[in-house]
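Just below sit the structures, each encoded as structure tokens.
Same chain, two partners: chain A is paired with chain B first, then with chain C.
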Partner chain A sequence: MSHYTVAFAGNPNTGKSTLFNLLTGLRQHTGNWAGKTVTTAEGEFTHNQHVYRAVDLPGTYSLYSNSADEEAARDYIIFEQPVVTLVVLDATSLERNLNLALQVLEITGRAVVCINLIDEAKKLGISINLKAIARQLGVPVVAISARNQTGIGELLDQLERVATGAFAGKPLKITYSDEIEQGIAELLPLVEQTVGSRYPARWIALRLMDGDSSLLSSLKTHMGRSTSPAHKEVAGHGVTACH
Partner chain B sequence: MAGAAIPLSEASNGSLLRISGIDVQGVLRRRLLDLGFVTGNTVEVLRRSPLGDPVAFRVSNTTIALRREESSLIYGELLGGEEA
Partner chain C sequence: MESPHAIKGSDPLESLLAAARQLADKGAIRDEIVTGIYGVTAGICREAVSYQDKKKLSSTYKLDRIVTSKLWGFPIMLAGLGLVFWITIAGANYPSSWLASFFGWIEGYLTSGFTAVNAPAWLHGVLVLGLYRGTSWVISVMLPPMMIFFPVFALLENFGYLPRVAFNMDRLFKKSGGHGKQALTMSMGFGCNAAAILSTRIIESPRERMLAILTNNFVPCNGRWPTLILLSSLFMVGASARGALRTFSTALVLMGIVLVGITVTLTVSWVMSKTMLRGVPTHYTLELPPYRRPQIWKTIVRSSKEKSLNVLTRAIVVAAPAGILTWILGNVVIGGDSVLNHMAAFFDPFAQLLGLDGFIIMAFILGLPANEIVLPILLMGYMSSGAMVDVEGIGSIKELFLSHGWTWLTALNMMLFSLLHYPCGTTLVNIYKETESLKWAVLSAVIPLGIAIGVTFATAQIVRLLGWV
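Right, the complex of A and B next:
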């Protein structure tokens, strides 16, 4: 029996914990992860004989602004590499919520977009074209109400497709201005050489150009911990070269 | 920048503005963008705290309070809705 880790990401107050509690029932406990004081919940659920380990990340508007919560959520997705990242969005506030969804999709295509609070959206007369959003994002998109427990079966089915690899779509790739794309192209070989294939090189190149020193220091920590001495040397070299 | 642009900190309660620019760099710029203060987006000035700072703004369906240090660096064009 396989064990798939699913991270729950999303803006504050989008119902992540409500969904998390619904799926994991009483089996959740509070956890803590590497070097951070941010506390999160972890639990388990089963669907079609597959066991999932659910990790409830702190709610954030972004993965880039360097608050402790955002760093924790970002580092979890990058370094712990959950099999699926479940991005929970508020159906009544999609424009704002899609910011985080795009940031996650730039890191990993192993994602399911879960549009929660669909009951509220209906009340407000908001109708959402799930197919169109799924087509644009390139990952499964499901509408649910965690409170009313609607759409949960479909959500779990889509989660399974991504977890098992049955779904292998191509996530949206954002093309930037010529100047930025040129910068990416220049940095990419260095980044790939430095971090290997384990981490999302294009995204790291973008973050380096943005001067994201918090990511850089997380990278140094994690690579120092998990690679051979030979690799460490390369890492040090590459990082210097990127400045 | 267009002549009509004023800093959000100067807009009175109830006014609606379309953001025309953000005069900040680095992490704070990123933070403001992530909160929804994106060029072209509409902002409503909701209310001021008793001492006048911070000010609550409504942007992309969420209420966000900004201090003057931040709101004075975000520029917008008035769209109306201003109190008489």
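Right, the complex of A and C next:
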């Protein structure tokens, strides 16, 4: 039996907490994250003999450190490195919601995209081609209705595949304008040299070009905590790594 | 190969950021990044999402055109608030008296038990008259309104109405120099100020966040609702009003108190944004999520468990020792009078200026840890101060107040003081943690206290001048 940490990310009003409550039941407590005063719900659930520790991240529209909540969500995904990040999307406004999913995928490929409120979308005459989205994103995509409890079994199966490493995703890589790509290419070796390969170098390079100084201060704190910055850890996708 | 941006200096991370900034095209890069991401999502949606009928989508927003309209937005909001109060007051009335009589009935047996075993009078006093009475009052006065108010409020929240409230209030907050999202954190404050302080994290600008933190206290939290509900139903409604009319007027008074709180919130925001926290409001996008049918039973169970029981536990945990302390203070006699009376007498001259009395001020001071216990401490103080009125149910609480010289002005000013005075200890600790500044934590207690004193003083003087009491 093994423990996997699953972080729940998503925009506000996507039913993320409904899903969280459904999976963890009343077995929750509020946790305090190291270095932050953010309190958030934590709980546990079990599926096929695997125990999952679920962490409900603050609902955010992006991971660009616009607010303390966004910083907290970003820091959790980057530094605590949950085994799976579950991105909950609202099926009725998928286009806006997908932006957050893409940002998560820039950080980690160990993700499952969960399209919630699929019943409401159907009512509104919106049909969604899950296979097409999954093919584009490169990670499992599941449609559910947390309220009517449909699709939950499938969601848990996909979570398990990513958690155990049975599924090795190849997450979508966004190609930016030539100028940005050139900048990233120049910066990438420097980032890898400085922060090591433990953290997503391409994403950090991009954020630094955007002048994200809050990310820098988070990096300082967390790298101070860990061993040497050049410490290399080989934990590619498909390896059952449990932090 | 030598890198063009060699990392040197003591801090490699700093030089990394400097190198990154050189590469970035000042300012425009965020736009390019966002354009990149939006391009990809639009591409995915073009391929994977199809709409049967675009008109059907917009039809869900018909309701929004009414509830956020300039004409109907505010009347609907006020009516909704009034309705919630009305349901709470009407529903809580009887269960409260039942609980009070039930606890009184048990108290009779407890007292007989203590007499039967020849227990000393002080033990009976501490345990039954102090501890037991204190906690049983907290339960009978607070539990019924909470069991109704919280679930009803949670249902409105889950239905999706709160973002509409924020939308309506946005214009007012913008004008007062704050952030529109302050309306949301303010709504959270109706539940719990301590939690609402944490919720101000959704406001990006530090200046506007500070405004939201400083003014959050001016909406009554669940620790203060019971006090407000009880006092307004006992004192603020004419004796001739009966039944439904009575409940209705009480709800109106409560709404008036809430409106006073919101007015003070806006005024303080405006003054602060012109003085200590100068700046221009930032722009933001407020999402109006689709309305959803709330899961009625789940919402009720969850809000009962998470809110009502938590608040009640907190109240009892703090009220039990406070009950014992108050009883001891009321019964230890020095120089012919109890310590409690000495203390109350000390505050009394000042309190009279505010239209209150020494016991009320003392209850607010001892109630700093939690607003829930202010009323119980006050009741216990009155009880142990000699006037032994047998409190059997809510009606006799009024007798107790009247025997201590209360008028409707005392009740009104206690409500105003409760609404406007410093936030509870937990909230202050949260403010300190969030702002990491002792100055702002102290200010967020001192500013409300000053306002509370000013407003009650002015009210008392004006009412007395006009000879209304």
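Basically, the second predicted complex is superposed on the first by the 226 of 243 C-alpha atoms of A that agree within 3 Å, B and C clash if a C-alpha of one lies under 4 Å from a C-alpha of the other, contacts with A are read in each partner's own complex, and residues count from 1 in each chain.
Note that a contact is a pair of C-beta atoms (placed from the backbone, for glycine too) under 8 Å apart; a residue touches a chain by one contact, two chains touch by 3 or more.
Keep in mind that this is a model prediction, so the values were computed, not measured.
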Inset, instruction - Check whether A:N66 is in contact with chain B, with chain C, with both or with neither, and answer first, second, both or neither. - result: both
Inset, instruction - Pick one for A:G138: touches chain B only (first), chain C only (second), both, or neither. - result: neither
Legend entry - Partner touching more residues of chain A, whether chain B or chain C: C
Inset, instruction - Tell me which partner A:K220 touches in the superposition: chain B (first), chain C (second), both or neither. - result: second
Inset, instruction - Once the structures are superposed on A, label A:G169 by its partner contacts, choosing first (chain B), second (chain C), both or neither. - result: neither
Inset, instruction - In the overlay, answer first, second, both or neither for which of chain B and chain C A:G196 touches. - result: neither
Inset, instruction - State which residues of chain A lie in both footprints, the one left by chain B and the one left by chain C. - result: 64, 66, 92, 95-96, 99, 210-211
Inset, instruction - Sort out for me which residues of chain C touch chain A in the complex. - result: 3-5, 7, 12-14, 16-17, 19-21, 23-25, 29-30, 32-33, 35-38, 40-45, 47-53, 56-57, 60, 160, 163, 198, 201-204, 287, 289-290, 292, 295, 302, 305, 433-434
Legend entry - Of chain A, residues touching chain C in the complex: 12-13, 18, 21, 26, 37-39, 58, 64, 66-69, 72, 90, 92, 94-96, 98-99, 102-103, 120, 124-130, 132-133, 136-137, 147, 172, 174-177, 179-180, 183, 186-187, 189-191, 193-195, 205-206, 208-211, 213, 216, 219-220, 223, 229
Legend entry - chain B - residues contacting chain A, complex: 26-27, 30-31, 34-36, 60-62
Inset, instruction - Enumerate the contact residues on chain A facing chain B in the complex. - result: 61-62, 64-66, 92-93, 95-96, 99, 210-211
